[in-house]
């Protein structure tokens, strides 16, 4: 009876994963979707612990299992609850790495069983182990290890622990490692059972190495894409475990994440107007190399702090466009102060949120939510583009690419075709940034040279604080 | 080639499940708006934590003398739990940001 | 080797079915999708004929198989090519019935094998046949038979061979038959092997009866919905065959159509603002019974043929709104004549196509395509609603519900919430119908009483011909 | 109840395939515009003609003396072919209407 019920548990889990993921892709149901998937996961875990039977034998070692689960749960919950909102992507990367390591460890233990069972007799490993079985083990090991190592590097880079590192010919080097991995994996299969562990663990080491060098050269700003890709890797590694144990919950959950994660990676790239290859090789559109930047004519006009404060104080509607610079300067709280102060003066203040502003999808939503900005004040791109027409002052805070009109007018621009916030529709535009340096895409911005636009140079946090004092004096 | 076809036939049901899941994975999230990319990634991350089932099986089957299996299995369960619990909790926290306040 | 390759053939077929159906739901790829699914079907069929093995034995009777396929192909192609565009729904219904009959016949033959094998010994049928096996057989038989009988009735009704037929208490009667079917199916399973054929064939007969009485009372206009429902029934019957032969192509294809067909049925109902139950029980929103129709104030203004012709001849832009009445009057060709005649006079003429105008989805597209109206002239609802603003004359030809403003203004109306063609946005509206009688939904139309609107009573074909002569005289 | 659960376990892979196909069927056509309802119905109609495979198997396995199987099988193949061929041809004809002319 037990195993039959367990099958049903696994079916339920698979269905909740599908439903959960589906609901996660719609804002109205996302949170419930997450809970549903979590419920399915609990069912699958408890079912496995209490109902799993192998040749009629139940699982043992309950004290070990439960203490491991308790330790993992406590640490996991604490870390997840404590972390700052803006540090979430690196946390996702960290957890992803844990999953990858888990998949790799399982496969290693299973390999170890096979190795111990056969090391006494001298024969080819391929004679004693079925190819499908070996394939599941070795694939799980390799993919899990790559995912683990890569995720840890991504985590380190995002939390500032490691720097970008690349050397000439790194791509060649990476491909070489990849080939070596495959060779040693195949070699292990045809080795003598007595020494098969050597090529096997060399494969593991190479896979870890590959994970490191795969992620190291990629720019920090592209980490969300890489994490999403590694996420789908871990999914595939979990699916290998599903093959190994003929376990449908692992198989379906793993493949689901593998497929959805791959598509999500591509969608993320597309939202930034880039291709995946481009992200992984790490240059933006190749324009920087070409050096065919157009000389932009026109002058840049600066505005004084007091004039800027005055302009906003007497406006009817002000729209704030936050960007990566705001996040870097950690100026979200000061920004919220400014908004409240303007609000008290009877000015209508709203935020225009571009979907890829910042360095991860939803970055601005998370950032402003942390500063307790009310959700109603956040406008999505399409709404915002409608409202700009009736806006008196747009305050651009550390955003650049997402307001670059080249995306609309200049077919030769690498960001051409990306939808942007059309701030030029408003009466006045004030742009705050520290210099005339370009943003992520590395391109000039015609907006800064337009007659409507005035620049307010300086660090976002400092400028906002000074604006606040000016406002108080009006 | 022949052995590939043979392998497919022997695992035909698995092959079907894999193919159908791939289609489903792609269909399901095809229309996700970009703001949800991060929570969706995080939620998917939690789901692949299902690999913990394998870790539990390894741990539960390990005989008392087999330290490799016991230690690695224990570690695997801890890491798997981290992935699952941390993944779902962090996703929930993110999504809390997106709901209408008040 | 054969069976392995066959498995791959079936995988390919399943994938093409999924892809094909997906592509069919997008106008740009629909035609290609249909061809892809057809290609997959051919692979599955040829694979089965040449590679199928049962206990190492290949299939025989090739002459029979090929002659059957050739006969079926010739008839199928001829009928499908010859039929008039407007008769397509009944043809779909007919083909669907054939599929249902095919599923039922297979199951009957399989039952016959079991019966012959065991009729010599006297024991319970349930002792010699596994429950899963029997379930697949009996479900395939019942569902296939219902689908066959129902589809033939639907076909007959649409092609005018049968009339609506209902009697008091028919619902009760239908439910009774349904219960009897289940009872006799279960009874057969526990019968003696020697007489099991009697309850089995009673079940078949009851299922056929149910199919007939299920469809008979439903109004002719609702047939597309019913056909879609029966279509998904046949899908499930095919899936039962998949269980029976452990055949993945049949299983996946059948379930796919079963699920998609069910959803499609619901979507069809929703497009008409009705629920499925409502369609099957056969009353529109229940309002007719309630009799709370609002008295509509205002007068109806008529227009003469010559005035109408004049108005259109001197307009800059004329928009034609075709409806069910145009189809009934078979006036599509005359309508096209009128369009050309106006065109010669320099008037811009377009058609506004409502998605549920007529009696089947896409009815108007098919109708006008038959009369060789150019596709560019057909505007979808949203486009049309934009263009009405700049339109001088709207000519409504036998349409009623799809231009009823109650769908927008009157929350108590049964069609409230259905998107409509907002013809009132134009300068003048000319409505052609035979009387003041309501359309499909059975409700009054406020549009006819508006000052902008003038009525042009008469059969659509006649009126159009007269308009044409008037136009020639101008 | 127990036997149902048992049945599920014995046919677990089939059950999975069925469940996944149901999800897929629903996901795939979720966004179909109403003009395409009729061709989609017609295309789906052709696809369930895959039941012809069963008919071919019945026909091909029938022994030469078994007239029930021969006759009914023959009929089934003819009807199944009608469903398949007619279904795809009529769908193609309908879709021809929707493509841009010239």
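Order of writing sets the labels: A, B, C and D. Residues in every chain begin at 1.
Quick note on the criterion: contacts are C-beta pairs under 8 Å (C-beta built on N, C-alpha and C of every residue); 3 or more make two chains touch, one makes a residue touch a chain.
Given the structure is predicted, the values throughout are model-derived calculations rather than measurements.
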item: Chain centre separation in whole Å, for chain B relative to chain A (CA means); value: 17
item: Approximate Å spacing (C-alpha centroids) for the pair chain A, chain D; value: 42
item: CA centroid of chain B to CA centroid of chain D, Å; value: 33
item: Junction residues of chain B, two or more chains touched; value: 13-14, 16-17, 20-21, 23-24, 27-28
item: Set of chain A residues in contact with two or more other chains; value: 18, 22, 248, 252
item: Pairwise touch network: line, ring, star, complete, or other; value: other
item: Touching pairs among all chains present in the structure; value: A-B, A-D, B-C, B-D, C-D
item: Chain D-facing residues of chain B, complex; value: 13-14, 16-17, 20-21, 23-24, 27-28
item: Interfacial residue positions of chain D with respect to chain A in the complex; value: 2, 5-6, 8-9, 12-13, 15-16, 19-20, 23, 27
item: Residue ranges of chain D touching chain C (in the complex, touch as defined); value: 3, 7, 10-11, 14, 17-18, 21-26, 28-62, 68-70, 72-102
item: Residue numbers on chain C that touch chain D, as the complex places them; value: 13, 17-18, 20-22, 24-27, 30-31, 33-35, 37-38, 41, 44-45, 48-49, 52, 54, 58-62, 64-65, 68-69, 71-73, 75-77, 79-81, 83, 85, 88-89, 91-92, 94-96, 98-99, 101-103, 105-106, 108-110, 112-113, 131-132, 224, 227-228, 231-232, 234-235, 237-239, 241-245, 247-261, 263-264, 267-268, 271, 353, 355-356, 360-363, 365-366, 369-370, 374-376, 380
item: Footprint of chain D on chain A - complex, ascending; value: 1, 3-5, 7-8, 11, 14-15, 18, 22, 248, 252
